[in-house]
Amino acid sequence: MAKLWQKDYDLNTLIERFTVGEDYLLDKNLIAADCVGSIAHAAMLSSINIISNDEYSALKNELLNIIEDNRKKSFTITVSDEDCHTAIENRLVEKLGDAGKKIHTGRSRNDQIIAAVRLYTRDLLLELIARTFNLVEACIAFAEKNKNVPMPGRTHMQIAMPSSVGLWAGAFAEELIDDLSLVFAAYRLNDMCPLGSAASYGVPIPLNREMVSDSLGFEKLQNNVLYVNNTRGKIESIVLDSVEQIVLSLSKMAQDLILFSMPEFRYFVIPAELCSGSSIMPQKKNPCGLELIRAKSATVSASVLQIKGIIKALPSGYNRDFQETKGAFLRGMHTALDCIRVMTLTVTKLGVNEEKLKAGFIPEIYATDRALELVAQGMPFRDAYKEVGLNLDTLSSMDPVEALQAKTHTGATGNLGLDCARKQLEALKLDFVQKQKRIEDGFTSLMGFRPALFSIDE
Amino acid sequence: MAKLWQKDYDLNTLIERFTVGEDYLLDKNLIAADCVGSIAHAAMLSSINIISNDEYSALKNELLNIIEDNRKKSFTITVSDEDCHTAIENRLVEKLGDAGKKIHTGRSRNDQIIAAVRLYTRDLLLELIARTFNLVEACIAFAEKNKNVPMPGRTHMQIAMPSSVGLWAGAFAEELIDDLSLVFAAYRLNDMCPLGSAASYGVPIPLNREMVSDSLGFEKLQNNVLYVNNTRGKIESIVLDSVEQIVLSLSKMAQDLILFSMPEFRYFVIPAELCSGSSIMPQKKNPCGLELIRAKSATVSASVLQIKGIIKALPSGYNRDFQETKGAFLRGMHTALDCIRVMTLTVTKLGVNEEKLKAGFIPEIYATDRALELVAQGMPFRDAYKEVGLNLDTLSSMDPVEALQAKTHTGATGNLGLDCARKQLEALKLDFVQKQKRIEDGFTSLMGFRPALFSIDE
Amino acid sequence: MAKLWQKDYDLNTLIERFTVGEDYLLDKNLIAADCVGSIAHAAMLSSINIISNDEYSALKNELLNIIEDNRKKSFTITVSDEDCHTAIENRLVEKLGDAGKKIHTGRSRNDQIIAAVRLYTRDLLLELIARTFNLVEACIAFAEKNKNVPMPGRTHMQIAMPSSVGLWAGAFAEELIDDLSLVFAAYRLNDMCPLGSAASYGVPIPLNREMVSDSLGFEKLQNNVLYVNNTRGKIESIVLDSVEQIVLSLSKMAQDLILFSMPEFRYFVIPAELCSGSSIMPQKKNPCGLELIRAKSATVSASVLQIKGIIKALPSGYNRDFQETKGAFLRGMHTALDCIRVMTLTVTKLGVNEEKLKAGFIPEIYATDRALELVAQGMPFRDAYKEVGLNLDTLSSMDPVEALQAKTHTGATGNLGLDCARKQLEALKLDFVQKQKRIEDGFTSLMGFRPALFSIDE
Amino acid sequence: MAKLWQKDYDLNTLIERFTVGEDYLLDKNLIAADCVGSIAHAAMLSSINIISNDEYSALKNELLNIIEDNRKKSFTITVSDEDCHTAIENRLVEKLGDAGKKIHTGRSRNDQIIAAVRLYTRDLLLELIARTFNLVEACIAFAEKNKNVPMPGRTHMQIAMPSSVGLWAGAFAEELIDDLSLVFAAYRLNDMCPLGSAASYGVPIPLNREMVSDSLGFEKLQNNVLYVNNTRGKIESIVLDSVEQIVLSLSKMAQDLILFSMPEFRYFVIPAELCSGSSIMPQKKNPCGLELIRAKSATVSASVLQIKGIIKALPSGYNRDFQETKGAFLRGMHTALDCIRVMTLTVTKLGVNEEKLKAGFIPEIYATDRALELVAQGMPFRDAYKEVGLNLDTLSSMDPVEALQAKTHTGATGNLGLDCARKQLEALKLDFVQKQKRIEDGFTSLMGFRPALFSIDE
């Protein structure tokens, strides 16, 4: 079909393929979001009499049809369409004639794309947050269940001091909660309505930008029209930076689990249904899911680096370079979401081998506890430290569980403070519910229901 | 002097130099912060009767002496000291004997370093935030002053639509404010007290971690002791990620200013005192400050990437790898702060050449405005777009200022909404004042005054 | 179909989808390469009597059928197949029974994948090199044609000294030639045969690894079997590093062309057929191809960073993490190849506006030439420099072409030395022909012809 | 002192400090190289009669004095000097008057810096190559010594198949040799003479660029003068890319050694003199050197990323951004060199615990060998694989050394092929000697001796 900008010349086919790139594929993700954005825009155009009520009804109706067709996988985007925005406008013109030709009044593909990406990202982030809640809960439950199961504590990967499986799992629960605080901060910047900024410089039409923002359930309107366009890619990088922190947490967790399920440890047992085999070695059960989580943290890091590399030192206003941020952003986000789901499954199914864990408690692990006993008997710490260090062979074993329970200060093995994590999680959940409600309210008043702008493959 | 862990063997000298690395230099930054952390730790040890009141007084006194010596540049750290923590403990032992040998009771260098870095970072972040406030104010003032000065709006670096210097500067004011929201979110995670987590696994002593946290003015205590140690490097990466967004904003601003001060534009005039010359070409006045801001965004990005590369997939607990995050973090933070200061100076001194700016308004710039005139006359937008596109040679010039003022919707050239930015800035400043007060309060009750943990070279 | 390792349990479906990832799609690229590798492996197995001659014939025949089916797009890989290797083995077993079950004797998927990736990469690199030859030739031709067309030389983006379009284009010709020297060095490391290394530890069968290497046209056999497996991802990163240098060269070239085709310069004219339009602004002709080349250099950089991030600090032997390098590698390579093709098209079609170029020669551009005139009259350079610098307003214009021709030393505007570039290019082409021949010879003796392992979309 | 470009205004002090950055410190590295470059330039100026023979003698003499002063640490660069080039020219003017003012005739700081960096890099690379030769030799000797010492072979970090310490060490020897091939390719691009390109556009003086190139021992002259300046940073990134591959190899080696010296393995024993202790835990001996090598691979990767981030999409000709590549380059190179030295020391001193290594040979490790026994008895491989996989509990132990020796094909445990590595190493050493000789010859004819342009701290 015709491009939106088609006038009196044809694009070289190599350039066409190069500039369209994967957009015609990637944009499948954005169809529903773009239609919803267009309905809100049309409603506003009708409110300021740029289009008639009938035209608005027709447009809304057809845009809802496209959402439905897309749900049934029957709406297609071709290379010559360039992107979903063109495919949708073409369909509107084809079905509705002049009303279709009016939909683009007062907007540009620039603000239209930003709107679609933000709407889509918002729903994706909500899903990702919900899934991370699940993971935090799995970690807390695992920590609770294993709070008195001893585990050799390590530094430098060497035996350090007594620790517990509960402390280990609780650490990740708290880390993920703090990671989520960053995701929420990024969410807020994504939750600004870009529509009305047009090509970067607004339009000489009295658009009601606030109305559009409210009906799309955005928390606020992004004010300066040039700023809106300068944030293409930037907000994607902010969102991905926050999500990358989750994936970095998971990379550590994965490394721990891979390490401590090696035959020489067997602290943790990863059930066979989560392991792949080898094409040549009959005995292998490999922790492939965890290895891929470890690897995929590099994928997410590279995605955000790609985006930052693109936007760095780019002059103000729209530049075509922005397009190249889309694939990286989607790849990074989907990868992160997958990693969260796989880790949740793993924690849920993870076996713990108490016997092997206890076997790791060699006498050296109590060296610091012994030095602090000498301190309690009046020796200055640095002297006690040397005394023990020069007589390591005299260290004797003790009961690991007692050693855990002797650490009673806040956050230590005898005082994990899981309730503290639970409370923080509840606070995040309240915020989450409010975010969902704002969208629910906006969409319901605009369309009578809330279409899914993102859906996960189960 | 002796290392803290020195017992019965000597370290190979190559390994010593390699493992110490630049720590003996970098740690100059951390001396004051480490002393303050040690005072708080000692106060708590005395409150639980691990040390006597007299020992506490002696330790506090000597630690304040070290802070003062350091202020006068007379406290030194040698390679054989390894780091500031050892140099300080050695001094305490030398001056105070057993009291000095007791200071390390119930802590490890691990939590001690984290505490010093966080205290230092907190003061540095506050300085950086204050400087960014200045920059935002400079942008708003510049926007206000030039709100009706026309500037060709561009997309794809080509002439797009009428814009203004005010819109341009206002965009950066809003961008920096949003960047600051991320810095504040990162600040919160840095503002957690790590002390008491020791080597990663707590200690069998009833430490009062809450007391230490409060006296150091931290917003909260970081609970799980393993989690504390797992955040070394991670929190640095979070802080730098937020600061990197500021620098990315500045890279765009710098690129715009470099571009539009080229002789073919001369929209902006960078005064000679901000320009360097050439060793061979007598006529050159080069915008070196701006070019270096553009370049240094890559430095900040690389710093944070280095940290993330180090912590990725590192097993739980302390690993020596963490040490290698320190130089990158300091480099990234100091670089960002420098860039902010130089950009503020530049905006403050920047000249605007109205004549040259107006000369950029070639007739094509009004093409979209013309198409929307046709829309106002009843033509569907897509038809109007084609009509104008096929008759570009008939476009006539118009008054640029009128064109600016015709865009009256929120955030457009006729309605910049600078007050909206001003209000957001005020809210951030309120938060800033509260943060300062919490530190002021903690430090005053601990030491009677607030020592500077970070200071800028003026 | 069954997985190669399937025995007595089923994989969790989420884990299956996660661990297969995009392999079932990406592996379409590798089908032909894998079949060729398998033919060479089977030939060797037959030569050491692990399989019979008849079995070998049957296997070879069926593998050639698969290559042909794949050429016709009728060979499919499903998610449950995991990858092309399984799909192919399954087909062989289905069609040939026991012969199919024997093909995997003495190899693992590990060395099989490495072999397929290297064979594919080799053909892709040869295509990329050939395309870069075209681009170098286009640059040389453009430089030759415009060797006396003046162009303002810049430093710091400010006017510096007289330059020429010839010097500009010649610089890129030489840069690309040097980039190619790195691609050739990387090619050599990719051109080592991995087969026979199996899972990383060889097999207790007297494989004739040299025979396999020769019949696949590899330059050499990669000796140590563990080393082979440790280079998964590593060699991909080496190849991409070299290709990234080409793309970095193109990012500079693109930036220059975007900049100097802005209306304020119009030194270069990018024909409309290479430009896209805007959805809202009727007048726009945007250099989208060049902007995307500029952006895509970040994509290639991110791809190689992803791979390095994955392999960094990974223990020896195969780890599943390696799988995650495949998508990044293919994305990086295909992106680079596209950029090279689009830049070649652009250089070929690029217009030059001599009048606008000459108009850039403001008097200041001659300041250095003037200072050196004073030197010729006996003034020490530093004095001459100051003399001119303090009297810039007395500089007079001169003929740009004369100024170009006055620089006669090697590599300057009056002595471009394009023949030097031509000679280097010829040497590279000779090496290229030899590389092609070695493959031709190996494949012809193995299969009687050379199947295409990589093909470009025209 | 005065800046080279100082004329009639003063630079703002903040800008001065910002633009000088760390150059006044970093440039200590470049003083000798810059002096040598200046001697060659002066010799050429005298040969074309721009300066007299007496002036040349005086300049040469004073430049040699500066080299000597620098060797004694008595030559200083101040912030107001900006860099070593200015400090040196200022000294020449101060001591020699007009002769000093003439040294800059026909060059710019741009080509002067590039020359100094390349000369310095050349010597540093030669040192790094020599040190890597040592490491390769240490690996080969270690492999030879332990060629029959069994070591459990792993994939996915799980027990896979029998392997040997010899295979493990031999893998790294071969990897480092291939890495070196990339370093040599990068060396060639660094070994091009940039002098005479001046500010990027040559000069109207008949410079004899070939003479300068030869007297500095460069392999070739870099022709196009704009190309020369476009490679600032680029060649640094190419050199670092090659060196990064070495460091990535070391990160794997370090990870293996850290892992397999954990108490649960103790395959390898790192002697105490290479280990640091803990400030709190008396028993700790931590493999800090290896952990830092693992971490520092991220430092090197970040350094090269910083450089590529800076040069990406920078317009042609000199831009001040280039300055910011210097610190990153030096940091990356010095870090890599340190890592190589520490790893060599570690391999040389590494203990091997044969008993613990053999204890890792659990029966499962022979599963593949068993399957291939069934193949030898006529069972198709895929059937044998399943047969063994479903009966793992029937696997019996066997002699590990016999298992190693049963793998006789090229590159396997019974046929390591260390001579193949030795031969490749010899070839590289021959090339190395020739490179040294070319420099020796050039420098001797220019100055009568070869000053050290880089020296290592022993």
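Points to keep in mind about this one:
Order of writing sets the chain letters: A, B, C and D. Residues in each chain are counted from 1.
Here, a contact is a pair of C-beta atoms (placed from the backbone, for glycine too) under 8 Å apart; a residue touches a chain by one contact, two chains touch by 3 or more.
These numbers come from a predicted model, not from an experiment.
Compared on C-beta pairs in contact, C-D and B-D come out with C-D as the pair having more. For A-B, the equivalent interface within C-D, B-C or A-D is the one where over half of the contact pairs agree by residue number, namely C-D.
Mean C-alpha position of subunit A lies 38 Å from that of subunit D. Spacing of subunit B relative to subunit D, judged by their CA centroids, is 32 angstrom. Here the spacing of subunit C and subunit D, counted between their Cα centres, is 24 Å. Looking at subunit B, one finds that residues 4-5, 7, 104, 110, 155-157, 160-161, 199, 259, 277-278, 280-282, 284, 286-288, 291, 294, 297-298, 301, 305, 309, 312-313, 319-320, 368, 385-386, 389 touch two or more other chains. By the touch criterion given at the top, residues 155-161, 258-259, 262-265, 277-278, 280-288, 291, 309, 312-313, 360, 362, 364, 367-368, 370-371, 385-389, 392, 395 of subunit D touch subunit A in their complex.
Those residues of subunit C whose C-beta lies close enough to touch subunit D in the complex are 4-5, 7-8, 50, 89, 93, 98, 100-106, 110, 153-157, 160-163, 167-168, 170-175, 178, 181-182, 185-186, 188-189, 196-197, 199-210, 221-231, 234, 237-238, 241, 244-245, 248-249, 251-252, 254-256, 259, 294, 297-298, 301, 305, 308-309, 311-320, 368-369, 372, 375, 380-383, 385-386, 389-390, 403, 406-413, 416-417, 420-421. The touching residues of subunit C, when paired with subunit A in their complex, are 3-7, 9-12, 14-15, 17-19, 21, 85-86, 104, 107-110, 112, 198-199, 272-282, 284, 286-289, 291-292, 294-299, 301-303, 305-307, 309-310, 319-325, 328, 338, 341-342, 345, 457.
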